[in-house]
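Here come two complexes built around chain A, the first alongside chain B, the second alongside chain C.
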Partner chain A sequence: MTVLFAVVIALAAVSSLGVVFSRQTIYSALSLVLTVSMLAVLFLLLNAQFLFAVQLIIYAGAVMVLFVFIVALLSPDAEDRPALDLRAVIGITGVVVVTALVFIAARNGITYSTNGFHGTVVGTASDPYHTFNFPQDAVNNAGNVQTVAGQLFTNYLLPFEITSMLLLVAAIGAVYLTRRSSR
Partner chain B sequence: MLIAASPVPLTFPGGRDLIGILPELVLGGAFLLLMLLDLVIPASRRSWLAGFALLGIAATFGVTIWAWFDANPGRLVYSGSFAYDRFALFVDAILLVSAGLVVMISPNYLNRRGIHYGEYYALILAATLGMMLLAGATSLMVIFLAIELLSLALYVLSGFSRHEERSQEAALKYLLLGGFASGFLLFGMALIYGETGHTQLAQIAAAIQGQTTLTVDPLLLAGVLLLFIGFAFKISAAPFHSWTPDVYQGAPTSVTTFMSVTTKVAAFAALVRVFTYTFDGGGTHFYQHWEPVVALVAITSMVVGNIAALTQTSVKRMLAYSGIAQAGYILIGVAVGPVLLPSGQTSSFGTIGVLYYLAAYAVTNIGAFAVITIMAGRGEDLDSYDGLRGLAHRRPFVAASMALFLFSLGGFPPTAGFFGKFLVFTAAINAGQVPLALWGIATSAVSAFYYLRVGLLMYQRPAEGAEEYRWSRTGFSGSAVLVATTAGTLILGVMIVLVYTAATASLKGLIV
Partner chain C sequence: MLSGYAPILFFFGICAAFAVLAQFLNAALGPKRPSPTKDLPYESGIVPRESARRRFSVSFYVTAMLFIIFDVESIFLFPWATIVRELKVFGIVEMGIFIATLLVGLLYVWRKGALRWD
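So, the complex of A and B:
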């Protein structure tokens, strides 16, 4: 499992570098497909099969198709993108910062156990929303989709409802801005 | 079946949860109804939509007043994602008054610009809804979604003038930079979640206080600072302010009026709840780690905003830079928020200063922007300084109220702005952060130059041979807004007790 995890992480990191450094926009988009797919595999390794499917369908599927479609439609030339200059600097800075953070994380250890933040005992009745409170067996018994749905429509109902408002506003805005003739 | 199978207990939201978001529900209902009404109301009668929007805002305001008495003591609703407390309701009241005033000046202005569409009012209501949710949010998820809801509505509103390049440019700039800032916000939230395992603020606060080691967790601190960057963008504090002048100038003036005030009010409310009351860290004194950064951003904002405002020749850009500087002053109140007094007690004086300043800033800045919205001629914005030259001779009352607003922004007594500044500077001195107060006083002195310059322009005669700007008529609703904001600026500047008492009461009720 650990080996698989390392491989997936490495692929995700390399492909996300590809997004930044590709000379052609279409390669950037395709690298992004690989990145989001690898993130989906991470969900699978965490035993969240439903989220894996959702991530694949929505990000690697719908969103990326839109990306590639727009890239193909606008067909920007490779020459339009400047060779490694500012982007390289920003990209390398980003890589350094993220690596540093990962290093710190590895040293301090995000304790992936029932013992959470610096020894606080979590997962008790007074603290029912804790991440680490979803042991693999219990989730598998209840069913992956059921667990997500149960959380979504009870503990996380308010964020869920705000999201629906958000999408409505996005739709109204898109319709207004792209309407051809003014009435 | 589902409940039995779930690995954790599920709490189904009930009536008490619904009451907790009653003001938001009323406003959301008004927003949906308004979209439907837009379909049946003829184009020539769009002012009715403004009337309906105003009605919805007034109804929400009424519910907010009722809730103020009901939410004593307040409570967390929706599994701890939202606070039904007096703090949120106080901020809601400022937001609703601001939105109502903006709706009142909008129909005439939009008609003159030829962009009077029903979506405008719908988006104003949606943005206000997002801001009210942000004011009460006690979960990182709700904070993010509320910020996105208000931002999305504001992106579209900035580009509301669809055939004007400058407005489109403003919208695009705001969208791209706003998306970038959201990335910081989200990354910060992810780090905080990763380190504490929680999205609920109360649980995050408990996790920080439960720290056993004295050395601070670098990832947690990185998350907190990234979160601050996201907020700093929304309140347009320097050095995250670069979008502000362009967006404020390019957006239709009524939209600028709205967003210059309400975004700051809502984001500062969340900033206080998250930083002053969640990341204070209790006995661990966690706030000492982020306080210097907030203080530094406050000083940068005051210096950059005030100095850049000196060189402007556009009223909207000047007010934008002035808004950046004002964000710096308000940030002083956040930077000294959870101070420990020598007596060992925690002082909330800085936070009271923040709330007072927000109320003062709202009424004053809406007044100042309302003047240039109302006075704008047909099909154009009143933007250059020359457009204000000689206003006092044609419209003595409008010019007098504009002068008052400028005095208030500059912090002269007896106006609202004076007490706002007075409270945050006093809080800084009380907290032993005298340099912060000195920076504030020094930059306030600088700000007097550009505020007075515009004030004097209105009382000058136009240059020989130069044509006077064709100002529009004030109209009934415009007069009402100017009277209301003028009265508000004076009342907040003379009867400090009124809002001070309310702010204190709202802080007492604050829950995380």
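So, the complex of A and C:
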């Protein structure tokens, strides 16, 4: 388990470095495929099989197709990038800050556990659809997708419905922008 | 828990090994008589007219974007379908609102002609 975790983390780190340092934009996109695939495996290690499938279908599949098309649309040629400018400094600072935050969070108990995800218990344990504590056995008994669905369509109903508005805005925006530019 | 995925990992390993081995064997065993004609990109026997390194049509972007949007919509249908009996009418109504909102988007896209390939 720990070995697999280490391999996945290492591959994710190497491929994300490939995203940043590739001269060709298309190679950055292909490295990003490996990065999001490794993140999907992390979901699998966290006993979140449904999110694993979603991560692969949406990110490694659909979003990467979009990225590749955008790369082909904008510039197939190599990107000329300066060695070290303000953006690089801001990026490195961001990486350091986020890494520090992750370590602080891990120190304070928000951590990876082989027994499933543990949050604060808010709901009642007798009602599986209204609980915030997800021991692995209970989740596997109820069904992984069913647990996600039970949360999504009751406790997180408003974010779910707002998602449809977000998708609507994205659809209208994409069509509007491209219709304007093609004229 | 994860040992159930061992066959899949094994399968991926065989796939990768086959791909690498095929490349290696091709380079090692295949005869090599290069010519300028053979170096041309092969496109169903059609002679290339111009460089492939040019901008793609923006229609590809629109298609990919719309694909993502309705892909995400269908992803939400999977978990919903597993517990729709427990949610009863409430589940039907909330998914109805969700799909109706996206249907507005689909009608807009359709009316604007973005589904046609011009």
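Everything that follows uses one rule, which is that the second predicted complex is superposed on the first by the 121 of 183 C-alpha atoms of A that agree within 3 Å, B and C clash if a C-alpha of one lies under 4 Å from a C-alpha of the other, contacts with A are read in each partner's own complex, and residues count from 1 in each chain.
The definition used in the following text is that a residue touches a chain if its C-beta (ideal position, glycine included) is under 8 Å from a C-beta of that chain, and two chains touch if they have at least 3 such contacts.
Quick caveat, the model's predicted, so the values are computed rather than measured.
Contacts of A:101 after superposition: chain B is touched, whereas chain C is not reached. Once the two complexes are overlaid on the shared chain, A:156 sits against chain B while remaining clear of chain C.
Touch criterion not met for A:2: it reaches neither chain B nor chain C. In the superposition on chain A, A:146 makes contact with both chain B and chain C. Residue contacts after overlaying the shared chain place A:164 against chain C, while chain B stays out of touching range. Once chain A of one complex is fitted onto chain A of the other, the partner contacts of A:172 extend to both chain B and chain C. Looking at the shared chain after the overlay, A:63 reaches chain C, while chain B stays out of its contact range.
When the two complexes are overlaid on their common chain A, residue A:138 makes contact with chain B while staying clear of chain C.
Residue overlap on chain A between the chain B contacts of one complex and the chain C contacts of the other covers 129, 143, 146, 149-150, 154, 157, 163, 165, 168, 170, 172, 176, 182. Taken together, the chain C residues at the contact with chain A in this complex read 1-2, 5, 53-69, 71-73, 75-76, 78-80, 82-83, 86-87, 91, 94, 97-99, 101-102, 104-106, 108-109, 112, 114, 118.
By the touch rule above, chain A contacts chain B in their complex via residues 101, 104-105, 108, 110, 116-120, 122, 125, 127-135, 138-139, 141-143, 146-147, 149-151, 154-159, 162-163, 165-166, 168-170, 172-173, 176-177, 182-183.
The touching residues of chain A, when paired with chain C in their complex, are 1, 4, 44-45, 47, 50, 54, 57-58, 61-63, 65-66, 69-70, 72-74, 76-77, 129, 136, 143, 145-146, 148-150, 152-154, 157, 160-161, 163-165, 167-168, 170-172, 174-176, 178-179, 181-182. Touching chain A in their complex are the following residues of chain B: 2-3, 5-13, 21, 28, 35, 43, 77-82, 117, 119, 122-123, 126, 129-130, 133, 139, 141-142, 145-146, 148-149, 152-153, 155-156, 159-160, 162-163, 171, 191, 193-200, 203, 206-207, 210-213, 217-219, 222.
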